[in-house]
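So, here come the structures, one by one.
In the two complexes that follow, subunit A is the common piece, with subunit B as its partner first and subunit C second.
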Partner chain A sequence: MISLAGRDILHSWGKFIFTGVGLGLLIGVTLVMAGVYRGMVEDAKVLLDNSGADLWVVQKDTLGPYAESSSVYDDLWRGIAVLPGVARAANVTYLTMPVRKGDRDVRAMVTGIVAGGPGSPGWPPYLVAGRQITRGHYEAVADLATGFALGDRIQIRRQHYTVVGLTRRMVSSSGDPMVFIPLKGAQEAQFLKDNDAILMQRRRTAQNPTFAQPVPGLLDAVVATQTANNFVNAILVQVQDGHLPQDVAEPIRRWKRLQVYDRAQMEQILVGKLIATSARQIGMFLAILALVSAAVVAFIIYTLTMDKIREIAVLKLIGTRNRTIAALILQQAIALGVIGFVVGKITATFAAPMFPKYVLLMPFDSLTGFFAVLVICVLASLIAIRIALRVDPAEAIGG
Partner chain B sequence: MGKGIRIEGLRKRYGAGDTAVDALRGVDMVVAPGEVVGLVGPSGSGKSTLLKCLGAVIEPTAGRMTLGDEVIYDDRWKVRDLRALRRDRIGFVFQAPYLIPFLDVTDNVALLPMLAGVPDGEARRRALELLGALDVQHRARAMPSQLSGGEQQRVAIARGLVNRPPVILADEPTAPLDSQRAMAVIRILNDMARKFETAVIVVTHDEKIIPTFQRIYHIRDGVTHEEAGEGRTPA
Partner chain C sequence: MTHLPLQRRTLALLAVVLPLLALFVYVAVRSGPLAPVAVTAITVQEEAITPALFGTGTVEARYTYKIGPTYAGRVMRLDVQVGDRVAAGQVLGEMDPVDLDDRIRAAEAGLKRAQAVLREAEARNTFAQAQARRYEGLRAEGLVSEEMFAAKLQERQIAEAALAGAREEIARLQSDRQALRAQRANLRLTAPVDGLVIARAADPGTTVVAGQPVVEVIDPTRYWIDTRFDQISANGLQADLNAHIVLRSRSNEHLAGRVLRVEPRADAVTEETLAKVVFAELPQNLPPLGELAEVTVALPALPAAPVIPNAAIKRIDGRLGVWLIRDGELAFTPVALGASDLDGRVQVRRGVKAGDRVVVHSGQALSTKSRIHVVERLTKASP
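Now for the complex of A and B:
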């Protein structure tokens, strides 16, 4: 038996291809939107993986250091490092800010890490060029996505750093590339005020009647505490083999009065809380795009069917079964969906790397998208099928 | 009568009550196998309604229709599958050819037997045979848009004949054609009617082809009157 749908498509292939390309671009955008969400989740996981930590020790009652601001004293790590089950503990700071190179600003997550070497919590686990930071000041390792090159001089607040190493896929949960610098420099960038602010602070402190007492050195001591920057955002902890992170976390919570998150909890914070709103936003976009796609397919199939009303009347008059006519329309709708999906998949695959943030196209999403497109096409063709089946074969006779 | 079509007291009423319209008021008609009869009448006389009733497209209100040896309507349809009846036992030729634009000439003709379950190869063989008989075999692979009006109408006739129906209903088949081509179409219908023992009813307004019919049924106000035609075979 002849495939009526196939013959019609071959006969008016230009119309189908152009319509399919239009639909494909829409499907491509939908796949990219799904990829953006997957990319955000992946970025969050990569951030956690690359930190090399089993536990995140942060300020009590906060969701820090990624989802909320957190400050803990930078000497607390010593007490944590000697607890049973702790292999290594290290201070870390995170601050998303512009990093300047020449006259160009790059939004990056500046990460302050302590000396300790590769494998220490917070350090970039691998480099693609150059070396790790070996000095306590003015050296940086940058993610490739920053666009920095080895030897580049970059400016973070008032200080200049030389890029000595390059890494990749080191990004924040919002996709900003990371720049690693020594902890002291990062603390200054985060907590240290500029000179004018320090002077103003001193003046205000001196004028405060509380400190205007005849105690030698009182004012200097107060000013010293005010300008000191002895905070970090978190302490990253690696647990010794044979110990459970939950067991190690408990005494830190109890005795150090700090918040401790294990990997699963931190992932829940990042994925479930930090990017939840974005996920809902993307979900809305996906729903709207699905509706628009359905409307487009429905309109196209409706138009194609209306163009064939006379032929359909003739087909019915000469004894064509309703299911043959329904199959003609349904197959065309599905063919349109398949063309659209192929174009959309190709578009998304080629367009994804061009997006500034990581777009992760997962085979499962593509498969789901493919079946969703088929379902949408089938549903969209129902109106046209209904119209076709209601065509009176007498229309072919006229009169 | 072994084949052909016989219609007795066929009535068709549209609507009900005060607004009811009797489009057919007791039509009688007999067309023998191999015979081509004309059905003529002014607009609104009931030609199209009669054609739709004969074509099993609409249901008459009363009367009797016999196709070949089988009573297909006797105050109600006696055939369960009207679609199959139209497909297998009634051939249609329309005012415009209404060929399926996305099928080539062969497949336009072969589609009907294919719909009836005939294997594709056999259906195409039958189609090519008919196209040969109608002298359009050389356009077998052409698309309808590539044919002239006369060629399209011949293909449409081939489509109407391909399932060897006992009756063909032709609705003003010469309307869009010039005299020469119109006569050619009537000649083909006559030839095919004789060759395949098919009863052909041609609805027409076309004065120039009316003399070619063996018999003519005039229809006015839903009633037919038979008249002997000149039966001049077109040159």
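Now for the complex of A and C:
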């Protein structure tokens, strides 16, 4: 038996392919949009993964350290490290700020990590080039997305750092690349004011009548306390095997009077609160795009059918069965959908890395997309089939 | 006749659809979870490493002399400026003596008066001695009564006592004058050593309290760097180790130095160990005090042991280890780490041996199920 659909496609294959490609591009955009949404969620999760922590200890009554600013004293970790069930506790600071290299600056999340060696909480879990930090000062590990290369001298506030290692996919929840530097430098960078501000502060202090007493060293001591910083943003805690994070968190919350979040709560904060609105925005757009794609597919199939309404009339005239005509249209619709999906998937895959923020194409999304495309094609072809079957065979000879 | 064009169409269609399908399959396999993870790997070798410690510090003078008055007072004059070289004993300035000079003059006048009193006492004494001697003769001849002789003896004793008193009064007044002169000299601010003036805290006319420094002098031949090392990475720090020093203003210049001492007391708040590092040879143009310096202390070289780059170390399920490649398969091996150097090379005490293939860099986090694809490097050529 000859395939009517195949024959018809071969008859005008150029048009058919082009239509398929056009449709594919539209499907590609939809897939990318789904990828953008997944990417946002993934960015939030990857941030948590990369910190290597089971628990986040932050300032009481805050949503820190990612969703809200939080500061805790930098010696609190000692008290937490000795609690039962705590394997490791480490200070960490996070601050999104410009990192300069020459006359270019990159917005990056500067992360201060303790000098505990690779595998300590907060350290980048894997590198794509170079090495981890070995010096306690002036070395940095930067994400590839910053555009920095090994050996680059970058500037954070007034200090210069040498890039010794590169990471991939180390980003903040808003997609800013991370730059890891030793904790001391990061504490300084976070709380250190610029030189003008420090000078003004000194002058102000000197003019304060309380300190304007002829007591040797008083003013120096006051200025020193003003410029010192012993805060960090959070304490990352790794839990020992066999302990539940919740059980370890409880005494910290209760006796240390600090806020503690576990992985699920942190995810809830990041995904549920921090990126909720923008994610919904993208989700809305995705829904509209899917609707538009469905409508366009339906229109295309309808138009394709209407284009050959004469031929269908002829087929009816020569006594072709309805089932054959329906199969013709349905097969064409499905073929169009498959071509569209293939082209869409390819476009999406190649387009994804070009986006400035991470686009995550999940196989499950692609699969869902594929079936959605098929369903839409089938539904659209049903309308076309209805029209085709109702065509008057007389049209074949008429006007 | 109709067969050929149809076939050509079929071929053309296939020419479009087949590459599309091939591309699709490639895309499906090379991206997403099915794709192999690109990694770089090295073969572990036994190497000797030279660990080093890295710290930062500030340039400080070893000896700082804060020169100021011992009493509250007003600065009268100050002859030196910041940057002046001064010699030991040189008068740098003077405090206002207020009434001290007058008191010295009064003391001198008092002394002169006391000397006059002394002369008077001496005269009285000489006369009283002579009288006593004369009356002694007269008494022997029985010309004067015993009572009169006793009176003359008493007069002599009184004169002697007055003389002694006058002499002591002079000694007292001399000491008083001496004390005032010493106080006067104490108002002069003098340099205790050959040095360099680094601060002039008060100008003439300023009232200062006791102990408040007016001039600060340092010994410019004795500089050291007050260096801080993170306690975590300060193992092995001890006196007499060689160090090299990089000053912030001269970052291309490496200066030789030596650890003078490690402070017995560490900074508990900042979790740092403190050490003093001295220059082997002081730079020609002196760095300003307080300048930031980076200090790298070289520790003795360690014997050869299997060495891995620190980028290879991962923590999986709470254990530190590395990913070994055996027959193209990944296996996580816990390792016990030894010393490391500043280039990120870490000696392994247990876990891997020379000849093992170890994953260094990877495009994403690995698991035992990851398929890997070993490449030369993961990023574009780095400079």
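Throughout what follows, the second predicted complex is superposed on the first by the 364 of 399 C-alpha atoms of A that agree within 3 Å, B and C clash if a C-alpha of one lies under 4 Å from a C-alpha of the other, contacts with A are read in each partner's own complex, and residues count from 1 in each chain.
Throughout what follows, a residue touches a chain if its C-beta (ideal position, glycine included) is under 8 Å from a C-beta of that chain, and two chains touch if they have at least 3 such contacts.
Computed from a prediction, not measured in an experiment: that's the story for all the values here.
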Task: Could you look at A:368 and tell me whether it touches subunit B, subunit C, both or neither (first, second, both, neither)?
output: neither
Message: In the overlaid three-chain picture, which partner chain does A:136 touch, first (subunit B) or second (subunit C), both, or neither?
response: second
- prompt: Of subunit B and subunit C, which one touches more of subunit A's residues?
  reply: C
Message: According to the stated criteria, A:396 is in contact with first (subunit B), second (subunit C), both, or neither; which is it?
response: first
- request: Report for A:311: first if it touches subunit B alone, second if subunit C alone, otherwise both or neither.
  value: first
- request: Identify the partner contact of A:324: answer first if only subunit B is touched, second if only subunit C is, both if each is, neither if none is.
  value: first
Message: Quick check for you: in the superposed arrangement, does A:10 touch first (subunit B), second (subunit C), both or neither?
response: both
Message: From the superposed pair, tell me which subunit A residues show up as contacts to subunit B and also as contacts to subunit C.
response: 10
Field: subunit C residues touching subunit A - in the complex, by the definition given at the top
entry: 6, 9-10, 12-13, 16-17, 20-21, 23-24, 27-28, 31-34, 54-56, 207-209, 211-213, 229-230, 232-233, 269-270, 294, 309-311, 313-315, 317-318, 320, 337, 340-344, 360-366, 377-379, 382-383
Message: Which residues of subunit B touch subunit A once you look at their complex with the stated criterion?
response: 47-49, 51-52, 55, 57-58, 83-88, 92, 94-95, 98, 100-103, 107, 110-112, 114-116, 120, 143, 159, 171
Task: Note which residues of subunit A are touching subunit B in the complex, please.
output: 1-2, 4, 7-8, 10-12, 310-311, 314-321, 324, 392-394, 396-399
Message: Quick check on the complex: what are the subunit A residues that touch subunit C?
response: 9-10, 13, 17, 49, 52, 75, 87, 114-120, 125-132, 134-138, 144, 149-151, 164-166, 168-169, 184, 214, 216, 230, 238, 240-241, 339, 342-343, 345-346, 349-350, 361-363
